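Here the chain labels run A, B, C and D in written order, and each chain numbers its own residues starting at 1.
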Amino acid sequence: MTDTLRPDAELAPVAEIAEAEGPLRVAMIGHGFMGAAHSQGWRVAPRFFDLAREPEMTVVVGRNAAAVEHAARKWGWAEAATDWRDVIARDDIDVVDVVTPGDTHAEIAIAALEAGKHVLCEKPLANTVAEAEAMTEAATQAAERGIRSMVGFTYRRVPAATFARDLVAAGRIGEIRQVRAEYLQDWLMDADAPLTWRMQKDRAGSGALGDIGAHAVDLTEYITGQKVTTVSGIIETIVPERPLLGESVGLSGTASTERGAVTVDDIALFTGRLDSGALASFEATRFRTGRKNALRIEVAGSLGAISFDLERLNELDFYDATLPETELGFRRILVTEHDHPYLSPWWPTGHMLGYEHGFSHQVYDFVTAIVAGTQPLPSFDDGLHVQRVLDAVERSSAAGSMWTPTD
Amino acid sequence: MTDTLRPDAELAPVAEIAEAEGPLRVAMIGHGFMGAAHSQGWRVAPRFFDLAREPEMTVVVGRNAAAVEHAARKWGWAEAATDWRDVIARDDIDVVDVVTPGDTHAEIAIAALEAGKHVLCEKPLANTVAEAEAMTEAATQAAERGIRSMVGFTYRRVPAATFARDLVAAGRIGEIRQVRAEYLQDWLMDADAPLTWRMQKDRAGSGALGDIGAHAVDLTEYITGQKVTTVSGIIETIVPERPLLGESVGLSGTASTERGAVTVDDIALFTGRLDSGALASFEATRFRTGRKNALRIEVAGSLGAISFDLERLNELDFYDATLPETELGFRRILVTEHDHPYLSPWWPTGHMLGYEHGFSHQVYDFVTAIVAGTQPLPSFDDGLHVQRVLDAVERSSAAGSMWTPTD
Amino acid sequence: MTDTLRPDAELAPVAEIAEAEGPLRVAMIGHGFMGAAHSQGWRVAPRFFDLAREPEMTVVVGRNAAAVEHAARKWGWAEAATDWRDVIARDDIDVVDVVTPGDTHAEIAIAALEAGKHVLCEKPLANTVAEAEAMTEAATQAAERGIRSMVGFTYRRVPAATFARDLVAAGRIGEIRQVRAEYLQDWLMDADAPLTWRMQKDRAGSGALGDIGAHAVDLTEYITGQKVTTVSGIIETIVPERPLLGESVGLSGTASTERGAVTVDDIALFTGRLDSGALASFEATRFRTGRKNALRIEVAGSLGAISFDLERLNELDFYDATLPETELGFRRILVTEHDHPYLSPWWPTGHMLGYEHGFSHQVYDFVTAIVAGTQPLPSFDDGLHVQRVLDAVERSSAAGSMWTPTD
Amino acid sequence: MTDTLRPDAELAPVAEIAEAEGPLRVAMIGHGFMGAAHSQGWRVAPRFFDLAREPEMTVVVGRNAAAVEHAARKWGWAEAATDWRDVIARDDIDVVDVVTPGDTHAEIAIAALEAGKHVLCEKPLANTVAEAEAMTEAATQAAERGIRSMVGFTYRRVPAATFARDLVAAGRIGEIRQVRAEYLQDWLMDADAPLTWRMQKDRAGSGALGDIGAHAVDLTEYITGQKVTTVSGIIETIVPERPLLGESVGLSGTASTERGAVTVDDIALFTGRLDSGALASFEATRFRTGRKNALRIEVAGSLGAISFDLERLNELDFYDATLPETELGFRRILVTEHDHPYLSPWWPTGHMLGYEHGFSHQVYDFVTAIVAGTQPLPSFDDGLHVQRVLDAVERSSAAGSMWTPTD
């Protein structure tokens, strides 16, 4: 790790912990795509990172008994359960990992914190600001009792993104002049793709804005070390009606001949102002044809710039404006050196990491903070702030793109 | 040329012109950076393109007698003159090429049109909408007398950009879903760079917005075939004060210890809606550290996408969404084939064109339209519309980024 | 998987296996870098792939008791042992996974095959052709008894490389015209890096040639479906002497002031002829400054080309020469679609895989072949052929680069 | 210009020349593709560069009277002539520019030198070593009389290539460890493309080897400052027979149904050793599907590396190995700064140059050397050496790729 650059909370003095307190027993609530990714994190992190307490994949929870049994076997959890309240009440659980859809985050996370469990909650923290506030309040109270909470913006933990933050924090790009952050996908470009819950506001909260725009906002705030204070923007639905799913519910259901209204945004375009006054422009879209998972951020400063693209996640482009004029240029750094963030326990130089490695890094940081008694980051407060930015974007859009404060 | 795709105005039946009407005698008003580029166009175009009338570089005009004499020798004009009104009155001039700063465009162009000269006017058409309207009115009246006028958005004539337009016009990317257009530079990132006329609103009209944002708007309208109807945006000055120039005026003047106010924008961020309702987001900036001349446009459609970057101007990225799913990807087309737009008279495949080739293409299209008696594009009307977009952006910015119609 | 394109051996009819035969109990001999990678494969593959028999990480073997105990705990093996002969003799072992240095491969693998264990052996198959021949002979005899063997050229199992093979096999690039394969690293560019066993011929067999050149040869033969029949080349040591390691042996030992001779090559440059007569040029080097792990292959054919670079392992560049001339270009395919090879059990489109995923794919293919009773690929025979190519390169180099047959 | 790095011969003290000696009157022998490019150089160079003597495009020479008349008009030469001997004998000619096919270079160039004309001769210098030796001998004798000669390897004068040389010469990449140089095209990949003179040994001398391999050799020698002393390689014809051209001779002739033998190479693969002992590997091919004009060179040194690709000719990738390990990477330098080689008279930063700009740079250097009385580079001696390398490659290929000295 690049120790000199990383904040204390993430550099807990693990070595000083005289005695391990036994394994960290984890209950995971939910078992969809994120459940698979988190399971991989819990399974793999202890093999590569020195964790002061070894995680145990104790129980996975889901409403459908057969499905959760299958998930337990598939993803390697010792038990399956169907009632998360029962599980939270158990004495043999230390950590609750919430990977359900956003509309249930608040209830589960708050109950788990009150039950004295450390909570890792997937992003977005909640579907509404009010829920996120309640969660943050619960997290604050829990922290006084030594209970830790963290929100799962794992893209902070792609080593190239972490290293970008390190460079910015070390002053290598100087004073931040402007930011461009975009998250481009195209999986909804087929206008006849069926209408799933992700396109329904009551279930999903929002569309591209909350699903992927949230990552663009968090990454901007993380890398710059600043918050978005006010926004002007527009959200829009490009395909307003889609075929309803047929009888067999689920993502794989056949499309019906009836059509229903898409009630979330397909695209969100907004501009924000950071603490320092610098402008940041954002785009989140599911309609950028040909772009599959392009979370990109470029931060321009008075002394340099960094540029990152999740589609080439092992690379960071760095421009050092202090070099001689004839030698200026964006430098493609392969972020795979032993001294790059999170890299020391992995493979030799030039051997690439993939998507799910971030989940191991998340486990490492979370467990380290629990054992060290420090606040893991991003905190629920960080997650709440992202939620406030998203909410302000929706309000700005409804008000003719008028500038709208986030707090 | 890709004849099947290009509009009639640019495909004038030159071959049918039975008899050439003699050379086309050109007067160029102004002789700065644009004068050099235009001179190169007038000199080189006839060597590579079959022009129905051969241009003659008759006279170059500037206020400073010594400077214009030097320019005439350097850039190869037969004569130098100091009074543009005298030159416009001459019978032996057929074309007036206006490459002065924007605040003088209207007066010169209108006078030239009234004097019966064909006019090529550098972009932006004017510094204000009112001036641009007057010029357009003059152009319309002149057209009735067979006098042609064109505005110099030469980036349309980079073959890769023209080919992008051709692909869009041919329906290859389907219905346009969204557009991203940005023009990124960093030449003002030094906060102590001196305050020149380009940073003074009374001289330059605007900053990044008019200087380079205008290109992003024109290229968007050109490639999509649609106009921007309404905008929401913000313009901002990042470095509000700069050292005044010392005694020796000019760009190379030494900076004084006094500082003056920068009265134009350094950065413009705006969103526009196209005729079809599709959203386009724009950025023009002189502060994107490390980006030198990155005019980039990406157009996403229901059947594909195109992506262009002026820093790699011989390439076009094309995504054809109709291919099999496992074979989808952006294709890097080297736009250097004989059958690509404007390429047939140049070099063999893979031999690159540079910045100034667009000025030869401009001469070719302009002369062709004059001889064919058709309207060369972009017309003053096109230039006026770009001016209206820029004006609406300024008004939107002043009104808290409220959506503002362009007409 | 792209079933239609992949050969039978890799498409074993797993579904038809009526009844699983219980877990597949694995002993891994060795526990260095490759041990870590193989452990990750054995651990992770069953979570993502449907394996007809579940692997059990039964025992890891190493000479140093303390070290192997540590490895067992770290990498998750149930037991540690110090005598590989004892382990091979155990009835509760089904598979022997050999990840020791090359000079011990033959002895261990042959003994394991004779003991009736399926064998997965890391590349290079052996340090000499004679050893590799003996191993292949043992593998052939074992196969008659239903015992399977495979050599670990995992880069075949990077999905983009597999997909390249699929495209070639499907005739998409037509008749192969020429091949360029290179594996570029720079980790020895410091002339004062200490002399380790990897630079000693008696231990390592060869230098860049066998370590990384072997991958370039195997990938060429895999993707083209052809063998290298004759070669002309040169191998060379760029830094002939290096500091000896000091007292504390091991990679991290301090360098001594004495210097010793480097007895292996730093760079290998050779040309080979394929079965079809096409020429392939190869480069393996530890001195290509700035290149970290650039295993690149480009295959040019009469109808198209493919281009792959391990430093961007989720991408394949594909050139389809049958498209219209103005639309030709290398297409950057993100090989992350559900229908790409090996991708279906992993993440959604655009979520990247990393280096070690290939080891899960290897486990999947190996287990599938064992259960199906088919020959897993690459076979020991394939590994022997690579060894013969490397040997012929050394002989050609010694003979003034004279063309030298590989068989 | 980066004055500190460039050798004296190219930094002639032009400013000290008290008085110009009048215009430099040029006769160009030949008027094909190279004639067009050279004409553009003679026309444009004086507009951008300060030349101590202004070139005059006096006369163009060709065997076919009608064709050369047309060329004179098209390319802007004052006169056309059909007998080069007459032209060379004229008193009003100062410079002879030879752009005919290689088999006539020797006769024309030697005669011109003997007639006291400065000679610029297109590459390759000649079709055989013997001719090249005679030319070099004539050049040496002429030099004693103040007559200058230069061979036209213009790719040295792409600013990014020149800047690469500057960096190497300044020691920025340290001691050269190895070189990779390749020139990849695919214009012959159609096996039914007709057999033109370029595929006939008696006319063209060789195929890919002399046409484009020569550039790879020259650029290697230029950038490294070293010569290739010995080679091992193979040349090969991939499509051995092609349709003969029909009745209407010329490149555009229709293919006949008869086929004839291709007597030159389609591909050349060779390895060379430089003065310092470093190895350089070369590839020249007309069959690398999808590569249009990819002259690429990468030079790896003990302190860094440079990488250049003619398909992106305004860029140079530079790797500075002396930076901190976590910040290492290839830096994409846009070679468009005022202080980059040849750039000062051209456009602002970020405005790209194209293929033919190198011909203006060639004129500038040639004229500067003539006026300064210094040896312009590359000299005929440099051209002779390239010829010897090519010849050695052919001999090595014929001798089973045996290593063959170039001198």
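The definition used in the following text is that a residue touches a chain if its C-beta (ideal position, glycine included) is under 8 Å from a C-beta of that chain, and two chains touch if they have at least 3 such contacts.
Computed from a predicted model, the values in this text were never measured in an experiment.
Fewest steps needed to get from subunit B to subunit C, stepping only to touching chains, is 1. When each chain is reduced to the average of its Cα atoms, A sits farthest from subunit D.
The geometric centre of subunit A is 43 Å away from that of subunit B, both derived from CA atoms.
Subunit D has its Cα centroid 55 Å from the Cα centroid of subunit A. Subunit D has its Cα centroid 35 Å from the Cα centroid of subunit B. Among all residues of subunit C, those that touch two or more other chains are 328-330, 334. By the touch criterion given at the top, residues 33, 37, 39-40, 43-44, 47, 74-76, 185, 187, 292-294, 310-314, 334, 336, 347-357 of subunit A touch subunit C in their complex. Per the touch definition, subunit C reaches subunit D in the complex via residues 173, 177-178, 180, 186, 189, 191, 232, 234, 236, 238, 267, 269, 271, 279, 281, 283, 285, 287-290, 298, 300-302, 304-305, 307, 319, 321, 328-330, 400-403. Put simply, subunit D touches subunit A in their complex at residues 2, 163, 318, 320, 325-334, 337, 339-340.
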